[in-house]
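Below is the structure I would like to discuss, written out as C-alpha cells.
Labels for the chains are A, B, C, D and E, by order of writing; each one numbers its residues from 1.
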C-alpha cells in the first residue's frame, strides 16, 4: 500500500474510533449525571433498564431516534434544521486536536491524537466560539419568544465569558511558549503534580477562571439561564424534539467532556502521571502507551464528575449577576493573572 | 527618548483614561464640567509638549514607526490647538446636566491621540490605526445627541461611509505592500523605483486616494458631509470638520510625498481632477443651501478642493502651502462653528440663514466674529483664508497649473456669493413677524474659544511668517525624505568626480 | 496529484467564498446574509492556512466568525430584523454603482492577471509557514507601538458602544 | 503544489467588488454593514497572499490589526444601529432620511 | 527731508485702522464716536497734506518710500511710496474723509460704532491701494476695500435689511470680487516667472527681459488686470453694480466707491506694467469710453431717481478719464488724473447735497420735488455750482479734465473725439433738466408740506470746502498738473517706447533698497 493510502485509512480509523468513543462517553455521562444528581437529591436515578440502569442510555437513544420528527409550522425551516447540526458538529470537532496519550507513532502517524497542530489551543477556542451559533440560531429560528430569549441570553453569555476564558489561558501559553497542546503538556510532565500548571505553574487562579468561564460557555449550572425551566420553559430547545433535540443534548455533554479534556491538558498535566518521573517508566510498550491514557481518563472523569456535582448542588445565577460577575470580576481577574504570569515568566 | 517622541499622545491618553476612571466615581448628580476643564488642561499640556518637541532632534522612534520632525510637530500644534478651541466651545454649549459628558471629553481626548499619531506615523499600520481611532471617536461624537433622530442618523451615515472608505484605504495599503513588500513609508519610497510590479502601486495610489478622499470629504466622495454636519451637534462639528480633516491631509501629504514621489506623474492628475471637482461641486451645491450648517459643509468640500490644488504642484512650496492652508482652514472653521454652536443652540433650533438675520442687532460681538470668519472663508486679505489661498495657488501656478488656478479662483468668486448671503443676512434687520429668538449670554469659555480662533485667523493673515516658516521646515523634511531616488541619482553623479 | 490537491482545495474554498459572498448579496433576510458571511470568513480561514498563515486562520475563526458575526446575529435577533423591503433605493446606486463595480472588478482582475508572472506562486510548505512565535517577534518588537495604540482604539470603541447604547435618561 | 498568487488576488478582488455592490444595493443597515466586513475580509486575503509572496510577517500582522479594528468597528457600529432602531424603529436605509441626501 | 518722511506713509495707513479699532470699542454715548472719527479723519488728512508739502517735483520716481521685507518666502515686501500720480489721490482721499463723517453725522443713528469703524477701515483700504507698491500688498488692500463697503450697504441701505440692500451688497461684492480672483491669477502668474511681487522690480524685469513670457501669456495676464480694474471704474459694459450701489449705499460710502481706485489702478498697473499690451487694447478702450460717455448721459436723462441719475452721470463722467488714459498722450493722461480728482470732489459734493435733501424730504424721486430754490436758496446755490462743475463749465474744475481728455481724444481719432464732445452736451442737458425740475418751477406738494430748513452749519462745513476747491482747481490747475505730469510722463506715448526706461528704473530700485 502506498504511504498516502495508509495515512488516509489510518486517519479515518482514528476519527471513527474517537467519535464512537466520544459518543459512548456522552451517553454514559448522561447516565452518570442522572445517577449522581439522583444521589445528591436522595433518590436512586435510573435503575430499571439493565443492571444499575446501565442500558438506560441505549433506551433513551432508541426513544429519541424513533420518535416522530415534528416540524412546527412557524419555524424558519433551514436554520431550524441547521442549528442542532452546528451545535453538535462544533462539539465534536474540537476533540480532533486533543491528545489523549503520549506521542506514540505508528508509521509516522500519531496514534493518540487525530491531528497535531501548532495552534491546537486556538483551534479549540475557535471551534467553541463558532458553537454559539447552534444555540443562537435555534432560538431565533424557532420563532418562539422563550426560545428567542434563551438564545439571546446564551449569545450574550457565551460571548462575554469567552473573553475571560481566552484570557485565562494566556498564562499557560506563556509558560509553554507554544499553542501546541503537546508542548503545553510536556512542560508539565517533569515533576508530576508539582509541575502541573495548576500548582507548579502558579496558574491556580487561571484554572478557576477557566473552570467558571467554561461552565458558562457550556451553559451548565449554575449558569444555565439559557434553558432555565422555571423562566423560559425549555429555552432555546423548547420547540425541538426527537433527533434534533438529541443533537443538542449530545452537544452539551460532548462539550462538557471537551472542557474536561482541555482543563486536564492545560492545568492538570494532561496524560502525564501525577508522580512525574518518580515512578520508573514501564517496560512493556503496551503499558507505556496505555498508562498515560489511564491518567488522562481519570482526570477527565474528575472534571465531568465535578460538572455534575456542581449542577446538583448550586443554585442558578440571576442574569444581571451573571453578566456582572463575568465582566466586573472574571475579566479583570484574568487580566491581573496575565500580568502576574508575565512577571513570573519574564525573567526566563 | 522614545517616549519623548510620543509625549503629547501619552499625555492625552493618560488624561482620557483618568477622566474615564474618575467619571463613575463622581456622584450621579454632580456636574461633569470639571472633566471638561481637565481635558482643556490636558490639551494645553499636549500643545506645550508638541511645541517642546520642536527642540528634539528629528528622528524616528519605536523601531521606526513614528517620526518626530517639523512636519509632524506642525500638525501636532495645529491639531492640539484646534481641539483646544473646540473643547472650550463645547464645555458650555453641551447640556451641563448631561451625565455622559465625561465620556464626551474622554472620547475627544482619545480621538485626538489618533489624529496626532496619524501625523507622526511613518508606518502605514500606525497610520491606519490612528485613522481608525480618530474616525471611530468622531462617529460616536456625531451621534452624541441621542434624543435627536438627526444626530444618530448623522452618526450612522458617517459610520457606514467612513468604514466603506476605510476598506478602500486598506486595499490601497495592501497593494502597496504587494508592490514593495513593506509598509514603512521611507522603505516604500526606496523600493518603489525597483519594483517589478509598478502597476500595483499605481492602483494602490488610486485606492488610497478614494479612501482618504472620503475622509477629507473631497468630491465625489463627499456625500456624507452635509448630512453629518447638519445632524451632528455643532460643538462636535467644530471638532470633526477641522482636526480629523487636517490629520487626514497630513496623512495624504505624508503618503504621497513620502512614499510615492517616484510615481508622481501617475497621481498628480488624479489630484487635479479631484481638486477641480471638489471646488466646483462644493461651491455650486453650497449656493442652494438654506441651512447654515449644510452650507458650511459644502463649503468645506470646496475648501478641501482648494487644498488639493496644492498637491498638484509637486514641490516644496506645494507641501508648505497645503500645510498652511490646513492651518488657516481649521482656525477659521473651528471659530465659525464655535459661534454657530452657541447661536444655533445645542439642539440647533436656529438653523436656517433666515434665522440668522439680524444677529448683529442681538449680539454684535458674536456677529462680528462670525462675519470675520466668513470674510476669512471668502479669502479677504488680512485674514488667514487669504494667504492660505494665495500660497496654494501660487504653488500651483509655479508648476504652470493655470487651468486649475483659474478654476479655483473663479470658484472662490462663486463661494463669495453664498458666504455673503449669510454675511448680509447677519447685518440685515430681522424679517418682520419672525420670532426673534434671544441668543443666550456668551460664556467665558466660548468667548475664549472664539477669541483664540479669531486671533489665530487674523495673525495668520497679517504675520504668517512664523507659522509659514514652520510649514516650510516641515515640507523640507518631507520633501527630502521623500526623495531617496534623487539622492541616489546625486550619488551616482558624484561618483566619477571622486 | 499533489499539485492538483492544492489547486483543488483552493478552488473549492475560493468558490465557497464567492458563493457565500453572492449569497450575502442575494439573500433578503439579514440572518441569511450573516450566515453567508460566516461561510465566507471560515472559507477564508482555510485559504489562510493554505498560504501558511495558521495563526491568522485561527484568529479569523475566533475573531470574525466567533465574535464579530455573533454580535451581528445577536443584534439581528435583538432587533428582530425582518426581510428587507425592496424599496426602490437610490437610482444612482444602480446607475453609477453597477457599472462602477463592474469596472472596478474588471480593472483589478486585469491588473492582477497582468502581473501574474512577477508575483510568482503560492506553495504549501517550503518554509513559508509562519509560526505564532515569528508573528509575535515582529508584533512585540517592530510593531510594539501600533500594538499598544490598539488598546486606545478598543477603549474608544468600548466607550462609544456604552455611550451610544445606553438609554437616554430624561 | 502551486497556485499563482494572482489567483488569490483575483479572488480577493471579486470578494471586494461583491462587497461594494452589496454596500450599494442592500437596504438593511445591518446588511450594509456586513458588506463592509466582507470588503475588509477581501483586503485581508490580499494581505495574506502578499505576505506569502514576500515572506514578510508584517503583512499577516496587518491582518491581525485589521481584525482588531473590525471588532472595534463592529461594536460601535452595532451600538449605533441599536440606537437608530430605538430612535426610528426601522433599519431600512431609505427610511433613515430626515436629512435630504 | 525730515525724518518723518520715512514713516509718514505708515502713519497715514495705520491711523485710520487704529481709529477703527478704537471706534469699535468706544461706548455709544452722545456724539462720541462721530467726534472721534472726525478727529481721526482730520488727523489723517493733516498727515496726507505732508506729502505735497514735501514733494520733490523735480523727481519722477517714488518718494517717501518705505520698503521692508514682510514675508520671506514668497518675498512679499511692505513697500509703500507715492509719486506724482498717486500723491494727489492720497490727499483727496484724506480730504473726503472728514466730509464723509460730517455728511453722516446725523443720518446714521443706529449701529453707529459699526458704521464709523467700517468707514475708517475703508479709509485704510483705499489709502493702502494708492500707497502700496508691492503687488500682493496692493491686492490685499484692493480686496479689503470691498468688505466695509459691502457690509455697510447691507446694513445701512436705503431700506436697511431689505432684500434690495443685501442684493446690492452682494452684487457690488461679486462684480468686483470675481474679476479680482482672476486678477490674482495674473499676479501669481507674473510672480511664478519673475519671482517678485514688487512693482518696481517687476516693471524692470518685464522691460529688461521681454522673453520671460510668451506674448499670448502676457496678453492674457494683462487682460486679467484690465478686467478687474475696468469693473471697479466702472467702464461702460461693466457698470451694472453702480446704480444699485449708489442708490443703496450711505452717502459717505457712495462718495468713495466709484472712480479713483479703478482708474488709478489702470494707470499704474495696466499701463505701467504692460505698455505694449495696453496699447493693443487702446482703441477698444477709447471706443468703450466714448460709448460710456454717451450711454451714461442718455440713461441719466431718463432717470427719475436722483441717485440713479447721479450713478449714470458718474459712469459718463468717469469715461472721460478712461478716454484720456488710453490716448497715451501726455495731455490725456494728465487730464485723466486731474479729472479723477475733480470728479471725486464734485461727485462727492453732489452726493452730500442729495443726502441733505433726502434728510429733509425723505425721497430721491425727482417727480416729487419742485421749486426748492425758493425755500432753500443756499442749498440751491451750492447745488448749481456743483452741477456746473460737473458739466464742465470753464473756470470750474470739471472743465480742465474734460478739455484735456477730449483734446487728446481728438488727436487720436476725430470720430471718437467728436462723439465724446456730444457727451458733454448731453451731460449738460440731463443736469440742467434735473436742476430745473427739482429747484425751479412750481412747489411740489411734498416741498410745500415740509418745513423749509436751509443748510445747517455742519452741512456748510462739509460743503464749502469742496465748493471752494472746485473753483481753485479750475483756476490753478497747473499746481496739480505739475505733480501729475511727473508721474505719468513715463507712461505716455511720447517718450515711452524709446526712453531709457531700464536705466531709470534700475536707479529707482536702488534707491528703494537704500531706504
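The working rule: a contact is a pair of C-beta atoms (placed from the backbone, for glycine too) under 8 Å apart; a residue touches a chain by one contact, two chains touch by 3 or more.
Please read all numbers here as calculations on a predicted model, not as lab measurements.
Participant: Going by the contact rule set out at the top, which chains touch both chain B and chain E?
Facilitator: Where chain B and chain E might share a partner, there is none at all.
Participant: Does the complex stay in one piece without chain C, or which separate groups appear?
Facilitator: Without chain C, and with every other chain where it sits, the touching chains cluster as A | B, D, E.
Participant: Find the most central chain, measuring centrality by the gap between its CA centroid and the centroid of all protein CA atoms shown.
Facilitator: That would be B.
Participant: Counting only C-beta pairs in contact, which chains form the busiest pair?
Facilitator: Here the largest contact count links C-D.
Participant: Could you find the chain whose CA centre sits the greatest distance from that of chain E?
Facilitator: Chain centre farthest from chain E's centre: A.
Participant: If you average the CA atoms of chain D and of chain E, how far apart do the two points sit, in angstrom?
Facilitator: Here the centre of chain E sits 64 Å away from the centre of chain D.
Participant: What is the distance, in whole Å, between the centres of chain A and chain C, each centre taken as the mean of its C-alpha atoms?
Facilitator: From the centre of chain A to the centre of chain C is 28 Å.
Participant: Roughly how many whole angstrom separate the Cα centroids of chain C and chain E?
Facilitator: Centres of chain C and chain E (C-alpha means) sit 69 Å apart.
Participant: Between chain A and chain D, what's the gap in Å when you average each chain's C-alpha atoms?
Facilitator: Chain centres of chain A and chain D, defined by C-alpha means, are spaced 33 Å apart.
Participant: If a residue has to touch 2 or more other chains to count, which residues of chain E qualify?
Facilitator: Where chain E is concerned, no single residue meets two or more other chains.
Participant: Which residues does chain C have that touch at least 2 chains other than itself?
Facilitator: Residue numbers touching two or more other chains: 55, 59, 67, 71, 76, 78, 108, 115, 119, 142-143, 146, 150, 153, 156-157, 160, 162, 164.
Participant: What chain-chain pairs meet the touch criterion?
Facilitator: Touching chain pairs, listed by label, come out as A-C, B-C, B-D, B-E, C-D.
Participant: List the residues on chain C that touch chain D in their complex, please.
Facilitator: 2-3, 5-7, 10, 14, 17-18, 21-22, 24-25, 30, 33-34, 37, 40-41, 44, 47-48, 50-53, 55-56, 59-60, 63-64, 67-68, 71-72, 75-76, 78-79, 81, 84-90, 93-94, 97-98, 100-102, 104-105, 108-109, 112-113, 115-116, 119-125, 128, 130, 134-135, 137-139, 142-143, 146, 150, 153-154, 156-158, 160-162, 164-165, 167
Participant: Can you check the complex and tell me which residues of chain D touch chain B?
Facilitator: 9, 16, 19, 23, 29, 32-33, 36, 39-40, 42-43, 46-47, 49-51, 53-54, 56, 58-59, 61-62, 65-66, 69, 72-73, 76-77, 80-81, 83-84, 87-88, 96-99, 101
Participant: Report the residues of chain D in contact with chain C in the complex, numbered from low to high.
Facilitator: Where chain D meets chain C, its residues are 1-11, 13-22, 24-28, 30-31, 33-35, 37-38, 41, 44-45, 48-49, 51-53, 55, 57-58, 60-61, 63-65, 67-76, 78-83, 85-86, 91-92, 94-95, 101.
Participant: Show which residues of chain B lie in contact with chain E when the two form their complex.
Facilitator: 357-358, 360-361, 364, 371, 375, 378-382, 386, 390-391, 393-394, 397-398, 400, 402, 405-406, 409-410, 412-414, 416-417, 420-421, 423-425, 427-430, 464-465, 468-469, 472
Participant: Please name which positions on chain B make contact with chain C in the complex.
Facilitator: Per the touch definition, chain B meets chain C at residues 6, 13, 16-17, 20, 61-66, 99-100, 103-104, 106-107, 110-111, 113-114, 117, 123, 125-126, 129-130, 132-133, 136-137, 139-140, 143-144, 146-147, 152, 155, 178, 196-197, 199-200, 203.
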